[in-house]
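This structure is in structure tokens; I'll ask about it shortly.
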Amino acid sequence: MILFTLALLPFATALLIAVASVRGRNLHSGLAAASSTLGLGLVALLAPRIIAGQIPAVSLPWVPGLGLEFSLMVDPLGLLFAGLILGIGLVVVIFAHFYLATGEATGRFFASLMLFQGAMLGIVVSGNVLLLLTFWELTSLSSFLLIGFWRDRADARQGARMALAVTGGGGLALIAGMLLLGTTAGSFDLLTILSRGDIVRASPLYPVILILILIGCFTKSAQFPFHFWLPHAMAAPTPVSAYLHSATLVKAGVFLLARLWPVLAGTGLYTGIVTSVGLVTMAFGAFVALFRHDLKSILAYSTISQLGLLVMLLGFSLELAAVAAVFHILNHAAFKATLFMSAGIVDHETGTRDIRRLGGLAKVMPITAIIATLAAAAMAGLPPLGGFISKEMMLDETLHVGLFGLPWLVPVAATIAATLSVAYSLRFAIKLFFGAPRDPEAHLRAHDPATGMWVSPAVLVGIAVLLGLVPMLFAGPLVASVASAVTGKPAPALELALWHGITPALGMSVLAVALGVILLWWHPRLLGRYEAIRHLDAKQMFDRSLAVADAVTRRVHFAVHKPSLQRMLFAVFAVTLLAVFEGGFTGGGRLAGQRPGIPASPVAILAWGLLVAATGAVLAAQRQRFRSLVYISVIGLIVALAFVHLSAPDLALTQIAVEVVTILLLLLALNLLPKQPSMLSRNGRRARDAIVAGLGGLGVGGAAWAMLTRDPVDPISAYHIANSYSGGGGTNVVNVILVDFRAFDTLGEIIVLGITGLAIYALLDTATRGTAGARLRVWQEDMPHSPERHPMMFVMATRLLLPLVLAAGFYIFLKGHNEPGGGFIAALVVAIAFLLQYLASGFDWTAERRKVGEHRLIGFGVLLAMVTGLGSLLFGANFLTSTFGYFTLPLVGEFELATAMLFDAGVFAVVLGAVLLAFSRLSQIAQRAARGHADQDADRPEGMP
Amino acid sequence: MIAETNLADVVISALIVLGAAFALIGSWALVHLPTLMERLHGPTKATTLGLGGMLVASVLFFQANQGIRSAHELLISLFLFITAPISANMIAKVYLHRRRTDPSGNVETPAGPPPPPGTGDWTTYRRPQPGSPSSTAEN
Amino acid sequence: MINYAVAIGFACLAFALALNLWRLLKGPTISDRIVALDTMVINTIAIIVLIGIETVDDTYFDVALLLAMVGFVGTVAYCKFILRGDIVE
Amino acid sequence: MNLADHLIVAPVVIPALAAPIALLVMRRKRRLGVGISLASCSLMLMTALVLLGVADDGAIHIYALGNWPAPFGIVLVLDRLSGIMLVLAATLSLIAMVHSVITRADRDGWHFHPLFQFQLMGLNGAFLTGDLFNLFVFFEVLLIASYGLMLHGQGRARLKAGVQYVIVNIVGSSLFLVALGLLYALTGTLNMADMGQRVAAIGPDDQGLLRAAALLLVSVFVLKAAVAPLHLWLPRTYAVATPAVAALFALMTKVGVYSIIRVVPQVFGENAGAAAFVPAPYLLPAAIATAIIGFAGVFVARSLSEQAAYAVVGSTGTLLIAVASWQVETLGAALYYLVHSTLTGASLFLVADAVARRRSGSAENASPAPVFAQRQTLGLLFMAAAIAATGLPPLSGFIGKLLILKALFGTPHWGWLWVTILATTLIGVIGFARTGSAIFWKTTDDAGTAQPAASMRADLIAPVAALALLASLSAAAGPVTAYTHAAAVQLLDPAITARAVLVRP
Amino acid sequence: MITLEFLVASAVGVLVAAGIYLALRARTFQVVLGLTLLSYAVNLFLFASGRLTLGGAPIWQKGVTGYADPLPQALVLTAIVITFGMTAFVVALALRSFLETGTDQVDGDDEPCDDDAGGAP
Amino acid sequence: MRRLVPHPGLAVLLVIVWLLMANSLSFGNLLVGVVVGILLPIFTAPFWPGRPSVNFGAGLAYGLLVLWDIVVANFEVAAIILFRRNRDLRPAWLVVPLALDTPEAITVLAGTISLTPGTVSSDVSACGRYLLVHALDTADPAAEVARIKSRYETRLRKVFA
């Protein structure tokens, strides 16, 4: 329970602050401080038990299938970090309360800060590596918000994005590494994994696991060559820098290295990589720090260097090195947070962070000077501060490590790095606080800040001092148990002290201080040299590579995603062609089957010739639209004839009726579409299309040939034929399939038509307004037209035809169940009867005489079909179950009634409504265009064409 | 299909052949005759006697050979008698229209129609006068 | 005997269709193409009637009837299009 | 047969009744029509949840339409997968519907509500049917409705994109029919379970034909799922659609994925000879390409809706990477990720809409604009949606990706698959961070934050709801993944389904 | 011997080839023509999946055998209807899109010829 | 009765058409046919304003005459098509002045002219008083016009009395 509270408290606080976001900053910071204090209290509550060797743990199942559990545990290592996170968190909150100007978005700030605290805390108390990953990624996200806090500043936005890209990217490698680790170890439970180090190290995947996890750690802890994001993260407000970049975020990588030490450490690969990366980072960071001018930048590079030191220590795979690392984590947290805050105070008071403009501040802000100088001394590793002890231990350990078979390499490099550290630390303190003020303007207002602001660094520097003066008392048991937790072995005999006698390490230390002072002496000259060289700027490289990636991706992206329908269709045809041919060729078997063919009659052959010729004519005339439509009609006619020939009268009927309506619609549209012949595509393009088209024809034609030459395989339609009359009450099997066996298909089909009508209505309703309406108003007829709108003979014929065709439609509907026909064809016939009125007598004339709205036809039709289908539920049968009966009336004789006919009536209504709706909408647009045209020639004398 | 020959069969066969022949002649006219207006006379043959012969043959066939009293073939003729003149009329109008507005499309055309007596013109060229029989649905 | 008549009928009608197609493709005027298509519809109706006689099945009659009813719609629509551009007004 | 047994058909019947009723009342009583539409969505959600529970007994539930037995009639099949899809569809539709009503997007043109309901009918039918031709019909229903919805509101961009969307899908439908014809010719049946059994009996002479048919069918599904290189239709279409519609469309590509998952094991399972798991060798590279193309699109996109559209493409790629190895673990993970990615796509579109509504001039383009109302809230919502889309914690995408990665471990080429999934995540992170910081952080001037109008808060309901669902999906990942795992087990044992479907009378 | 099967299969092939070629042209009307040809082909193909029957009874009668497979016919009917709906829609859409954008090009290469969107003629 | 069956001619035509479609003379079909014959004219009345009344007997006689003329003309025209060389054709435009004044009557006349092979009604004048007819082959256009007027138009005036 305590653990859950501990882990969830910061998140709850973040939420609370976010909700209370309109209230003042006192509430925000108060909540944050209270939460941190409470958390710290909980940690303190747990501490004795943990140091005594217990590991409080608690677990809730989350995703068992994944091995992800919400399990928390605090061992000494976790305890140390939890204390740091909460303790420094509290200090930072207090500092930030004073640091942030009124008017800043404190709600957003403290909410993000608490979010970050929660994520960070989650990492160190996770008992499941997947849970740890979850929190790990959360730290990247919340630090993104914090670094980008001053969102109007470009550097803040860039810094935030870069930090997210690098640490988030590293986090992804970590995901892979952790998954592999858990899979290899057979569990994602942290303690289990820690106990299976041998298995992991013996696994062939070990190098992959190691490298992936190291990438995660190195990016987070800003190790070379992933260090470059850290200095740019300094765009964050100083409290954020103090928190994230001293004590917490960047330590997460170090934490994880320490956490997984028992599993990963100890191999040559581990030592080689981790030590050398740490070493390089330590030296490199220190070197660059020496030449930076921005206070925060100096501190950032120093942090990189110090993190390198920690990584290197952990890389040694030595227990005492681990102890040194643990102790140095404490020290570094204390002095680095102090230094950041001091830099923040200086910035706050003087308005600048440029070390070249500052100097002699000790006079005007003595308290700050004392605090910062002490902290810098700790960073330089000067006695009697904690930093001295840990550096001593580090130098001592370097003597036990040989890298690349060179026993001197590590000690020498470490000494150089220590030298540089001394130099930049001293430069920080001396240039800032002593000597003469270099830029008096910056010093005008400068004075020590309010107590609230300096008390935080003071407390921390006090800790740093105590860690040096009375290390055993202050941190001994903790360091011992943490070190034991890291190594997974009993704590080594521990002796934290300033004086160990004259040792090689002491010599190296003294040497480093001496050289460091000399270096500082030479600093102006070195600086000149340094600045004369063009430096490889990792940030620029990152930016540039991102820009190149962006440009390349962009070019490829837009080249691929050209808004060309032809490209899309080409892709579709090409892929499906490949699919069909691949399947046909690799699947085996034969193209032609054994079924004997039916000899073709001469009429059939001739009809085939007509079809092919008409198809060719469509192709040849494709650029003369009217002609191609006429040819299309021929194809439709032949297809209908083929259906008659092949015993499919229903299909022939449907084909003919649909053909007529389609042609009418196409003509309506064609009138308004531009008619100038299109340009021919380039030859290459046409050849390419012709090849694809030819192959497509071969493929589908071949498939048809293959089908037709095979015998049918026990088709289910035998059942339909056998049960059509007895079970479906109809002798037209096709119709019974449509309205009974597969009425569900038909329901969908009429709904498709209904939707078509509605969608066309919605689509065209706006065509007379806006841009389209303007275009219609200026629409020009492109060929001269006859003035007569309604030819007399045509009109008269349609008046007689209307009742006749309606009667025919009614008849076709009635007999459909038993003979060719049915609701669909009947609806088309009736629709054509009305379309004829439109054609002959015009839109307005017909529209004002039509009584039933198309929308209603569609709506009621679908409802009728649905209600008929649902009616069967009343009789305990399933949806769409039909029933029928034969009745006899005197004089009339026997007749059949089937509910399927009611369903068919719904079909009728929907189809009629949809066709009429589509047609009337298209006509109305044409009307609009024609009216625009009529307005133009209204004043022409009667009789002129 | 049909074994014995009788009078009915002879009549049916004759009608079929006659109908088909007239249909063919109509289509031949369409190919053979020199200008559109002349060619337009072809289809009326196919529509009337061509199809008519076929339909009467069908009526007789189902009556004589199948014992089915069938007359619905007449419906086809009924509808064609209503629609065929309309088709011809419209096609002629298209011809008249195009020959005046698009002479290039009618290279082989001889003289066009004379205008009707008086000052008027044919409806293809001039909007029907309001109130006249030819302005049926003008509004 | 009727078989032969039917065969002759099919031959005549098929040839007629071919002639229609020739006119359809040849033109030269738009009216020619339309009239060819119109004739084709008539000949197709005849073929369907003949198929009915051949197969002794008057089920296909409905197809012929439908074609007779709506076949001319295409013809007049094409004509109206040339005459007026807008087929509905 | 009691009423509960008929519940299986309810997801089709409810919208099919609501649509015409809404159509009829809409002209006179708008509000009543909207009410019917909303009620239909809610009722559908309740039904779907009940069916989800029903399906959890592990049995395959059959509903024979017209009382005709399979394979002769059409049967609906309710199993765990259909349960999941139904709940997903109902949930998403309710969110999209609410959003459209709140933002009044439903008034931008005619017939929004009937079209919306018909769309749902198509979706639900597709998820339930056990018949391949019926699947085609429902594809058409949902497609034609989607054409109407996609063009809802109209305007130049929509119309341009609409032409392409419609025509590509019409071609797809034609190809679907060709595949159907071939399969019917080879097997003599249309019922999927029956077809699966008959496919196993196909002789050696016909194997090539069978494989061609299977590949063709899968190609059609791949087109609907917008898998590279057949994804080209999607981005522009989704980016320009009305946002509430685009949110619903997040499910549309998943219909393609669903069909692959449904049809391949059932019809082209291990007994299918040359067609056994037929897309296997090609699906994986295509999925990888899709993921890369999708997230590259996220990387270069310059507006939120475009980014959302590419995120949809990318997520399909990730999803199919998991599907393509046809194992219980990967399929179970894929189903979880399917649910997640659908909701994610929706929330991206909804957030983009909320932003666009406040940045009137520059819409949701990633170019700097003046400060807009509720910038902070929207920024957070966008961040949450982006977190979901890239698969970062704490939302369900993280769990989904972990599941997929873990399940892929040890399958062929798993290393490359891991690299793809993780690298695309990084690309996505960078892309979202760029547009996010440009829109929510960068401003042209700080003059006067516009106070949100009272109605301006309501349009956050839908995006917040979608994101909240993602959070709950994450919190409830345990039971959900157990369900998806069980669904995967069911899917990969088609014999169970066949036994249940083909009970001879 | 030329069989009906060959005629149908080759006709399908020719229609598909022409349809694909037209669908790959750059303007909506040609594409619509292509889709129309494709739909003829697809309908014939689907019909052919029931094999070809000459002189088969189209209507059920007691004791008669040798029907044409009715199921593909029903499927084709459904397909024709759906295709018709889609064609109608795409025609309306092509027109609407042209009216809005001023171009019927769908190739992406060509920007609208009169981008002033309905301005001066 | 007059109100129930405002257009007995159309009603009878519909009943006949219905019986022909049903292709049987059963009482049930006749019943349905009568219902159709009564209802459809009412339903479609708005679409045919001013339906003319028709003299049945005269109409029937006219129809038979036309049928006979069609058969005869078919053979005449067939002979022209088959045996006359194109350059020997004597096509002509005929302008037929009309005494008929209702569009229905003019349409029937024009239809008759078109159905009889050899002549095609091509257009009507804007004033509605002239019919433009194309003749395939005629030696004397004026005589042909007179024949049309006397043979068809006078009879039609009785039909549409």
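We just call them A, B, C, D, E and F in the order they show up, numbering each chain from 1.
Throughout what follows, a residue touches a chain if its C-beta (ideal position, glycine included) is under 8 Å from a C-beta of that chain, and two chains touch if they have at least 3 such contacts.
Predicted model, so just to flag it, every value in this text is computed and none were measured.
Under the contact definition stated at the top, the chains bordering both subunit A and subunit B are C, F. Summarising the inter-chain layout, the chain whose CA centre lies farthest from the centre of subunit D is F. Judged by contacting C-beta pairs, the busier of the interfaces C-E and D-E is D-E. Chain centres computed from CA atoms place A at the largest separation from subunit C.
Work out the mean CA point of subunit B and of subunit F, and you get 13 Å between them. Centre-to-centre, using mean CA coordinates, subunit A is 74 Å away from subunit F. Mean C-alpha positions place subunit E and subunit F at a centre distance of 39 Å.
Residue positions 133, 137, 140, 144, 147, 151, 154, 156, 160, 163-164, 167, 171, 178, 181-182, 184-185, 190 of subunit D each touch two or more of the other chains.
Counting partner chains per residue, subunit F shows two or more touched chains at residues 17, 21, 23, 103, 106, 110-111, 121, 124, 126, 128. With touch defined as above, residues shared between interfaces to two or more other chains in subunit E number as follows: 23, 28, 31, 45, 48-51, 55, 57-59, 71-72, 78, 82, 85-86, 89, 93-94, 96, 100, 106, 117. Considering their complex, residues 1-33, 36-37, 40-41, 43-45, 47-62, 67-74, 76-78, 80-82, 84-89, 91-96, 98-100, 102, 104, 106-109, 117-121 of subunit E touch subunit A. Residues 17, 20-21, 23-25, 70-71, 74, 77-78, 81-82, 86, 89, 91, 93, 95, 97, 100-103, 106, 110-111, 113-130, 132, 134, 136 of subunit F are the ones that touch subunit B when the two sit in their complex. Remark: subunit F residues 10, 13-14, 17-18, 21-22, 26-28, 31, 36, 40-41, 43-44, 46-48, 103-104, 106-107, 110-111, 121, 124, 126, 128 touch subunit A in the complex. Across the complex, subunit F is touched by residues 22, 25, 28-29, 32-35, 37-38, 40-42, 44-45, 47-49, 69-72, 74-75, 78, 81-82, 84-86, 88-89, 92-93, 95-96, 110-114, 116-118, 120-129, 132-136 of subunit B. If you check the complex, the residues on subunit B that touch subunit A are 78-79, 82-83, 85-86, 89-90, 93, 97, 100-102, 120-121, 123-128, 133-139.
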